[in-house]
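Each of the next two complexes has chain A plus one other chain: chain B in the first, chain C in the second.
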Partner chain A sequence: MRWWGMPAKIWMSCFILLPFLWLALLSLQQTPAVNAPRQVDLHQYARALSPPFSNIIFNSVLTSLLAALLVLLIALPLTWRISRMPQRKRNLWLALFTIPLGLNFVVRVYAWFVLFRPEGLLTKMLLDLGFDVALVSSQLGVFIGLIYGYLPLVFLPLYSIFDKLNQSQIEAAQDLGANLLQRWWHIILPETRLGLMACFLFVFVPMLGEYLIPRMIGGGLVATLGTQIESQFLGSGRPNWPFGAALSLCLLAAAALVLLVGFSLLRWQKSERKASWSLDL
Partner chain B sequence: MNSALLAADCISVRMGERVILNEVSLEVREGEFFSLLGPSGCGKTTLLRIIAGFSQPSSGRLMWQGKDVTRLSPQHRDLNLVFQNYALFPHLNVFENVAFGLRMQKQSEPVVQTRVREALALVRMESHALRRVTELSGGQQQRIALARAIAPRPRMVLLDEPLGALDLQLRKDMQWELKSLQRQLGMTFLYVTHDQEEAFAMSDRIAILSGGNIEQVSTPEILYSRPSTRFVAQFIGTANFIPVDKMSAHKARHLSSGLEFDICTSDERDSAGNFPLKGELLFRPEQLCLRKTASAATCLPVTIQMRQFLGAVVRYHVEIPGSKPGLLTIDHSSVGHDTFAPGESAYVELATANLCFFKEQSRR
Partner chain C sequence: MVTRPLKIEKLFFGTWSLLLLVALYLPVVFLVIFGFNSGSFALRWEGFSLRWYASTLENPEMISALFNSLLVASISTVLAVTLGFFYALWSHRHSQTKLTGATDALMTLPLFMPEIVISIGLLVVVAQVLRPGAELFGLQLDSMNAVILGHTTLALGYAALVLRNRFRSYDLQQELAAIDLGATRKQVFFQVMVPQLMPGFAAASCLAFAVSLDDFYVSYFLSTGGSSLQTLPLFIWSLQGRRAMTPEINVVSSLLLCIAMFFFAAGLLLSRSEPQGKHPKRSDS
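Up next, the complex of A and B:
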């Protein structure tokens, strides 16, 4: 009697499986009108996968991919340093990086908006330095916002990954002649690759669906997959639920695709371990 | 002097008020099996980490063939470390683990192949080359760790209590193997352990560390028969101390019995000091012998407290009536000796020559 598995099963079916099926059915409707004749076809998908929406999907995937990679790139050395600190210092730093999570997301994003405005501190400073960049309503601003918003989320998982890594293994590599880059490339990254992949997906997937940051910093002028879906469902114009549902499933498919590519890369890396040695570092 | 491969020159490590290492100086010669022996917390691992390059001393220098290498980073030192927990790379197989150092040296593939096979053959693990290291037993992992350290052919191999995690029988076998491996390769081994037997079984020379100080550096034979401090005498083997008065530079007398002894070494420097000088003589268990009757002039009456049959030897714990420390430990060969039962009265015959004298402790 595996009854203790039931709550999870009920939860999954009620709140994940059923809504998903409903969304899938909805996406097959031709028109948004509720009383329209129920014709089932792929009209909504055809629309989603042709310009301008295909471009938006492509841009969103690219931006999220880049932003997620950058988040990892920034967080890796930082969390690594913290995980190698003495216990007391470690706790202080971890607290410093996780305290912002206690603040409401909207408030944090709005703070960036204040800095990014043409009369904002950051924009003025950049202007003084000779950089005339628009941060509000621009792809760059949204990009920075994404990185900022998701950076704290990877700190704790990355920290726990590194914390578990045996220090003497790294020392052994160094002892055998590996320099800093070689230690990362041959020991740290291969040994933590699964965790790193999980961290990457952990920020990449929500970034793909993110609509708050593009809405607030992008001012509605930067179209992303997230904002498109949101406006199809909640938009003030003409909501189109079937189209929104189709876009949502496209998002899911994109995420699944990246996941698939990612994990096959891992497998490839494992089987091609020997080849990796030829990479001169 | 010229054969010193590695030399520690007045190395100290302080952590706030605590002194971990106190002006440690020693020399490791090319090709020898050298051990750092001491109880836990004596600073031996700290010293090892300084030698490997993972820590820096607060003061002092580390010399490698006459050159100062104190600040040289670990990857540039011509020595490899065998870690206590082996620290094998779990994502690499046995072959790639052993090949790691060679790959870092950018050796050509044929060289890597032959050297790895050689190293694996030395530790008798050739057939395991393609296994995952996580599938290996502790003893096997230990061999791979050793092979990984010797494959790049460093001038020196450091071993940090590598046998600590193995069971007794395996540990004894590995002691032989390590020693013969070191002979075969002619490599310098620096071995860190808290196990006196282990150090004695393998080492050419041993440095005894206690509380961050080097107590004595010498061969096992000399450490055992001529310990230079009371700590060394006690730490190495079993020690019996009998209180005596030193009458001259080479004579001591047991006051209550009037027995006289010849002293060969002593830990006090001012031998020209005032006599009599209070102190103790060191007797190893085999320098004492139990007799049924008082025969020679070197006998003390004792009472048998306990008898332990240990196979090759029978160990007695006896009490000298009315004496302060009281208990002595005496080893008899298990054949060709009288046996004594607990409670029995007997006489203990003491060796009279080549004894070590230690001044009464004026506690440091």
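Up next, the complex of A and C:
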């Protein structure tokens, strides 16, 4: 019984931790050639953190931050309403919004890509309304794609946060005359802020490394961190694995930075109560 | 507790949810409908026919992609659920020790790391460590094995999480009662533990299968070495990249949706349903 956990732990160490360490080592290599003398330096990082790559990293972080925030804002009112419903109605609504999560990601993105194309429904509709915007091969299209792609991911976690919320406090506040805004600002947000931040990171981190959406909707013309990393490994040009490794470590570093800043901001605004969050599957 | 919503709140909720539902479902519905298109362009409707279904189901490329997807998903599900099951058992029995927190974090890491980093990490380790290593022993690590390895890693994260949560509601009293009543170890295992853990087991298997079917990143990065491997999502990806898109892509997408949806829904239902009402708030003791 004591060793039963071992195989799984060894598996994860070999295929999650070891690859990570290997990437870190690889990123210190100066040249992509396999049998070149192994010189250790930070050359690849210097390249990654200077233009044009620093701009791409910065853009990706900014786009993902904004998209993740919008995803939360779009899903928030809805999940809040659902969590206030009678139990039976709740399950139905939750199911409706969770089903898209089971639709294949490639298929979902392709389905939107079709609407985005110049002859697609969405573009035509926008044209009829007087907006002449290119959604394929544009930053805007990729942005919308990111929001749409990651939206189904947040409904369940958000719901479980609101579900655990102490109802009596809100009612007490309401009885004492707090309006909607006051209730949110003084009770609901402070109570749920840790969970909300966790939800935010839960979509922000994968968005940052997204490759499929920028590649399909962006048509190879929108450069993001994800597409840059991919082209260093599988690109048709000259692959440069050490540089790709350095880029992906930059990705992790950016994610860690946002995580640290996010949670320290929360701690700074201190409150005694701890909100709990767990991923409900 | 239900608070009575205001009228304006109701109206807002109604329109908001309608908009979202349209955005989430309509594109996919269109996609499925266009699979029945009789024309030869994926984007122009010309009338109803089953022509593309007939031709796609006979397409050897599509059949091999489907076969690969199912094979990879089956093997990695068996591996992931077995590993995850023993891990969850261990972690349940040793939940007092401090270490379990760290190992739980390790096990669920694949859920929180960006998939692209997991994939290229695996790509690098497979190409630079495992493949040369296997060759030393005269073995061949082809892309199929590499993809199975990657999918198992992803699925293990989900399986471990689901099983671990399931074990929290495990009733140890029943086991103790059985021992008191003179049950042998074998009887306790088969007649007390297994029936209690079965729903979690089924849920974890379905989810692991769905994760593997759904995966794009790991297959995309690991399928290139040696002979390249085609899974269904990769096949859709490659069809999308071709210059002339036929309704074939819609047909393949619809098929994938049907298969994956089944396992996803089953996994979700099984992991959320509680055997006897809602179990009390988890107590980590």
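Simple rule for what comes next: the second predicted complex is superposed on the first by the 259 of 281 C-alpha atoms of A that agree within 3 Å, B and C clash if a C-alpha of one lies under 4 Å from a C-alpha of the other, contacts with A are read in each partner's own complex, and residues count from 1 in each chain.
The rule we apply is simple: contacts are C-beta pairs under 8 Å (C-beta built on N, C-alpha and C of every residue); 3 or more make two chains touch, one makes a residue touch a chain.
A quick note: this is a predicted structure, and the numbers were derived from the prediction, not measured.
Per the definitions stated earlier, placing chain B and chain C onto a shared chain A by superposition produces no clash, and the two fit side by side.
By the touch criterion stated above, A:Pro190 is placed in contact with chain B alone, chain C being left untouched.
With both structures placed on the common chain, the touch criterion links A:Phe233 to chain C but leaves chain B unconnected. Touch criterion met: A:Glu171 reaches chain B and chain C at once. Contact with neither chain B nor chain C is seen for A:Ala254 once the two complexes are overlaid on the shared chain.
In the overlay built on the shared chain, the residue A:Asn179 is in contact with chain B alone; chain C does not reach it.
Touch criterion not met for A:Ile57: it reaches neither chain B nor chain C. One of chain B and chain C touches more residues of chain A, and that partner is C. In the superposition on chain A, A:Asn104 makes contact with chain C only, while chain B stays out of contact range.
Of all Cα pairs linking chain B with chain C in the superposition, the shortest spans 6 Å. Judged by the document's definition of touching, chain A residues 168, 171, 174 lie at the interface with chain B and also at the interface with chain C. Against chain A, in their complex, chain B makes its touches with residues 52-54, 73-77, 80-81, 83-85, 87-92, 96, 100-101, 103-105, 148, 152.
Listed in rising order, the residues of chain A touching chain C in the complex are 1-9, 11-13, 15-20, 22-23, 26, 74, 77-78, 81, 84-86, 93, 96-108, 110-115, 117, 119-121, 148, 151-152, 167-168, 170-171, 174, 202, 205-206, 208-212, 216, 226, 229-230, 233-234, 241, 244-245, 248, 251-252, 255, 279-281. Note for the complex: chain A touches chain B at residues 166, 168-169, 171-179, 182, 186-187, 190-191, 273-274, 277.
Interface of chain C with chain A (complex): residues 1-3, 5, 9, 12-13, 16-17, 20-21, 23-25, 27-28, 30-31, 42-43, 83-84, 86-87, 89-91, 93-94, 103, 106-118, 120-125, 128-129, 149-150, 152-153, 156, 158, 160-162, 165, 207, 210, 213-214, 216-217, 221, 224, 233, 236-237, 240, 249, 253, 256-257, 260-261, 264-265, 268, 271-272.
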